[in-house]
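Should a chain be cited, it is by its letter among A, B, C, D and E, assigned in written order, with residues numbered from 1 in that chain.
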Amino acid sequence: MLQNIDLELEAGSFVALVGPSGCGKSTLLRFISGLEAPSTGTISLARGVNSQLMTPPRLAFVFQDAQLLPWRTVLDNVALPLELQTMSRKEARERAKHPLSEVELGDVHDRFPDQLSGGMRMRVSIARALVTEPEILLLDEPFAALDELTRQRLDERLHRLWLARKMTVVFVTHALAEAVFLAERVLVMSKRPGRIVLDHELGLPERRGMELRTQPAFVRQTALLYAALAEHGALDDQEQKT
Amino acid sequence: GKKSPPEPIEAGARARPVTLALDWVPEPEFGGFYAGRADGAYARHDLRLEIQGGGAGVPVLQMVATGRADFGTVGADEVIIAQARGADVVALYAVFQTSPQGIMVHAARKLQKLEDVFHSGTLALETGLAYAAFLKKKYSWDGVKIVPYDGGVARFLSDASFGQQCYVSSEPIAARKKGAQPAVFLIADSGFNPYGTVAITRRALLEQNPALVESFVLATREGWQDYLEHPSPTNALLHTLNPSLDEATLSAAADAQRPLISSEDPTRGGLGRMQKARWQVLADQLFDLKLIDRRAVVDDLFVAL
Amino acid sequence: MKEPASWRTLWQHALAALPPVVTFSIVIAVWEGAVRAFSVPAFLVPPPSAVLLVAWRERVALGGSLITTARGACFGFLLSVTVGAFVGFVFSLSRWLERGLYPYALFLQTVPIVAVAPLLVLWFGAGLRAVSVSAFIVSVFPVIANTLAGLRSVDPRLSDLFRLYGASLPDSVLKLRLPSAIPSVMTGLKVASGLSVIGAIVGEFVAGFSEGNAGLGITVLSAYRQLRTDLLFAAVLSASLLGLSLFALVSAVSAVLLGRLRARG
Amino acid sequence: MKEPASWRTLWQHALAALPPVVTFSIVIAVWEGAVRAFSVPAFLVPPPSAVLLVAWRERVALGGSLITTARGACFGFLLSVTVGAFVGFVFSLSRWLERGLYPYALFLQTVPIVAVAPLLVLWFGAGLRAVSVSAFIVSVFPVIANTLAGLRSVDPRLSDLFRLYGASLPDSVLKLRLPSAIPSVMTGLKVASGLSVIGAIVGEFVAGFSEGNAGLGITVLSAYRQLRTDLLFAAVLSASLLGLSLFALVSAVSAVLLGRLRARG
Amino acid sequence: MLQNIDLELEAGSFVALVGPSGCGKSTLLRFISGLEAPSTGTISLARGVNSQLMTPPRLAFVFQDAQLLPWRTVLDNVALPLELQTMSRKEARERAKHPLSEVELGDVHDRFPDQLSGGMRMRVSIARALVTEPEILLLDEPFAALDELTRQRLDERLHRLWLARKMTVVFVTHALAEAVFLAERVLVMSKRPGRIVLDHELGLPERRGMELRTQPAFVRQTALLYAALAEHGALDDQEQKT
């Protein structure tokens, strides 16, 4: 699937990962998280982030699907990672309330996942990842199911959170503007089999607000990524066929 | 030495097929039926006999009463009870003149008479048996623990205070083979002595085809005669049907049951004959035990052929 | 979406009870009718009226037997639930354990009780304990098989989640595998509930007490011996009633648990 | 991701067979050792060596019995599979049908075979047919319960899809409900496979045998009575072997089917 | 959930539905499809599109989750609706190939859903909806999991398909640009409980290409929708709390 990718992540950096559908972004996140081992090639994560990711550095993963436990309420789903770290149920539930209100779901604590909309489920999943205050945060298209306004609000909150906590974030997204808005560094992958075709430091100011989206530097960077994607992401054979 | 079982003598083309349902697996207590088939007794009477071996709880009475089988083997008490319940079966031939049922205890307990087994130890008795009710009424039971009879003797061997019901031709021999010293008390000595292994048929068949029924009885008598005199060929056959019985056990069983089969005074008729008086006694006993609601009409119970 | 829990729900409960009552009435009517119409002899199949009559006349004895058998069946069932769930869980931990030990679990299911009766009685003594063990032997396998299947049915993506958060084994069992397995386990318990009753009765055939508080197994045997088919049916129906009660209990527990587990997300 | 189907897979197959062989050896060794060490009387528990010896000496008779019982068990199992799956399916169509008829299915499971023996023998004749029906009665309920549970476990969102495309009932059964139910049905069949063997043996106890081909049930009864415990164990182990074979067959079919069904998407 | 919504859909129209996460868009689609009946209020669909939607007018629904049958290959999943319309398996598989290549998945016919990426699964689901040549097509955020390039290509293809077949399309999306690009008419819903706060005819030319996205009319319309959303979609109470 992936052609040997050599990836270095700096501790505390915010890396966005973009690429055509099916190129291997989710797979790469799974490699980074240690859930899967690459069958060929190596994943080397250097500087501060050692390879035993499962233990010391707290890691959280927002999967592409929400993957909530259907038998737990929203609040209990968010409290789960804390409970698994041997926190008492009561305290875990208490601590789960804050991340839930961060994703604007403060009013649905007691619903079950099947009573939520798709976007709400995704937000619960994000809250569950935030609750452990992870040092490494892997996000697989977390905001894809959200409307633009909510998405922009959450973009901003995530950015502020990252600034405050200085955690390492790897963020898969299809929205180039979102990648530019959030990340310090963007990796562009080519279509199947996936390779990293562009490894780009954005060099935008650290503090970013709504106003950034209209600045020329922002638009330029977005266009640059778009071009990289367009060059390597087109399914040329298929295009010609249809 | 091992004798191969004899080839059964084929019945003629006219022979009428009949079935006999046994109430237990093939054992010497049915030896005469197998002998009669093997030596051609049934064939000579124009019968082609199929013997259906039984097991635990085979519904012989129901099979015979409803025509699933033409003949069957049960205890005399069961015949009376069956009639009382509306199953119209008739007794034809009694293999055991003296009931082969007994109570077996360890000889080391030095019990003197049947009554003694009801005052100590553990006793395995099948519930619902007529003789159990009789014994309970006759000898008041105290100090004995009654457990279900499971058909085997393992518990007997492992417990010195254990007694159990038995067929004299079966369990005591098995126990002796394993080195135990059983003492056996015949139930018959208590005054309750139903005929054992009684061949029955349904009344309808008897009325429609008395000749057939008579042929069956005559052939059965010849078969038993043969078996009492020469048990070993039939025993060899029984071994193939029921491999858990070896030939030593089979011949010991045949010896043990012989006096109970032919003990009656020969002047009263041939093997298998039954007396009205004994049926009468049995019917009265069952009535007294409230196992039947009405007094049985003794003449309906059996036919002397 | 909830309605007031008033007339409507009451009405629904009444409706829910309707089908069994209706089919029961039909079955009884057809049975009585058929017995009369074809004049089936009573020693074969008694009319339900006769069964009811004898059940009423023998209500004290039958009730006592029912209680004796119920105790054996319930103990055996509880044993099956705990041991079966535990064994199923152990098997789920490793394919090796499963492959190595499953045959012995299956052995329990294919061994005729009569064949192990002496051992049962020897080890557990005649009476309640041996009967309970018999009920256990007969009913444990479905619990094992369904627990194992349930634990194996965990969504691998949810397993990933737990792995990621470094869930301890007890946590992952209690918070993931068990909830995932519950539907399947409950099916196993439903099967086991009926089996434990038959296990108790068969156990009584060989290892029960015949005197004193004899169980339904003894009643069945002796009614069978004496061709008291009406009593036999009454005893068998009592056993079924017992099985049905256990089953209803399991179903109720299952409904509550499954209700809490909700549909899949 | 596929490896060449060569040494590696061969090696894996060999490994897969290892655990049963290892535990079997251990069990046999412990059994033989314990029997000798505590000098357990052979009539209670014979040493495995004695069991093997008698099994070898009586191989012809035992083999014949095994075949007889196998036929009854297999017929009964097939009956259970077809009837059980059908009944489970019918129940899944409506809660009303389920509520109304489930008790009667449960009845089958709690009725002692001895109680219905007269009817079995009368309706089906002694021998193979009655034995098959007995195996059926004992093993059908797990199939019903698991089929029903499986059919009920269909993902409601996939049901929506089928509803939307106006799927006919047969289509929705064949293309949605059945595939969804298969894991659960297979668990039911695994339970039923062992039960059908015990059902056949118990059936043989009461349905007896027609001449010449006594089943293992008769061997068990008669060996038990004669205290030929070695033969008894050999017969019981043969029955377990039969159950194990049926189980292995079902497992193999299940593995193939589940392999085709894949993991959840 | 929804406050009585009175909705008229013209046969052959292309309606986009936008609104904040959890406002009831998916629920509304379920009502339109007839899968669910509103507990209060009515859904009235007039002119050519009668209320027995299940039968005569062929209807297809792309759910928010892909909802593929895990035991069927990609091709068989796409062929399913045809099989359910009593087409032979062989022919259905043959016919399923075209829509699969339309969503750029011509090369994964024989994979199972669990071997696909999230975006690929969604595309299989779209192909499954197209295979029946439906008269009414309901799409619930079909392209949310796709990268921008693929998304734009599929946008264009969907538009061409609609022009060619003149089917009725209801399209839920969070991307306002996508809504403007595709639809004739856009419905904007307010946050929970959802009402339709804007029912807007776009009045853009029928034929649309890449170039449309940079035209002033396009940008104006997008801004208009954005404003409507911003006015009614903000979760004011929550906003103040966090």
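FYI, contacts are C-beta pairs under 8 Å (C-beta built on N, C-alpha and C of every residue); 3 or more make two chains touch, one makes a residue touch a chain.
What you see is a predicted model; the values in this text were computed from it and never measured.
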| item | value |
| --- | --- |
| Chains touching both subunit C and subunit E, listed by label | A, D |
| More contacts between chains, D-E or B-D | B-D |
| Computed distance of Cα centres, subunit E from subunit A, in Å | 25 |
| Subunit D and subunit E: spacing of chain centres that average the CA atoms, whole Å | 50 |
| Subunit B and subunit C: spacing of chain centres that average the CA atoms, whole Å | 38 |
| Where subunit E touches two or more other chains at once, by residue number | 65 |
| Residues of subunit C engaged with two or more neighbouring chains | 44, 114, 118, 122, 155, 205, 221, 224, 263-264 |
| Multi-partner residues of subunit B (at least 2 other chains) | 56-57, 62, 66, 150-152, 154, 158 |
| Interchain pairs in contact, sorted by label | A-C, A-E, B-C, B-D, C-D, D-E |
| Contact footprint of subunit D on subunit B as seen in their complex | 21-22, 25, 27, 50-59, 62-63, 66, 68, 150-154, 157-158, 170-171, 174-175, 177-178, 240-245, 249 |
| Residues of subunit C that touch subunit D when the two form their complex | 16, 19-20, 22-24, 27, 44-45, 96-97, 99-101, 103-104, 106-107, 109-112, 114-115, 118-119, 122, 141-142, 145-146, 149, 153, 155-156, 183-184, 186-188, 190-191, 194-195, 197-198, 201-202, 205, 217, 220-221, 224, 232-233, 235-236, 239-240, 242-244, 247, 263-264 |
| Residue ranges of subunit D in contact with subunit E within the complex | 155, 157-158, 160-168, 171, 175-176, 179, 260-265 |
| Residues of subunit A that touch subunit C when the two form their complex | 33, 35, 54-55, 59-61, 63, 65-71, 80-81, 83-86, 112-114, 121, 132 |
| Residues of subunit A that touch subunit E when the two form their complex | 18-27, 64-65, 101-102, 104, 106-107, 116-120, 123, 140-141, 144-151, 153, 157, 174-176, 226, 229-230, 233-235, 238-239, 241-242 |
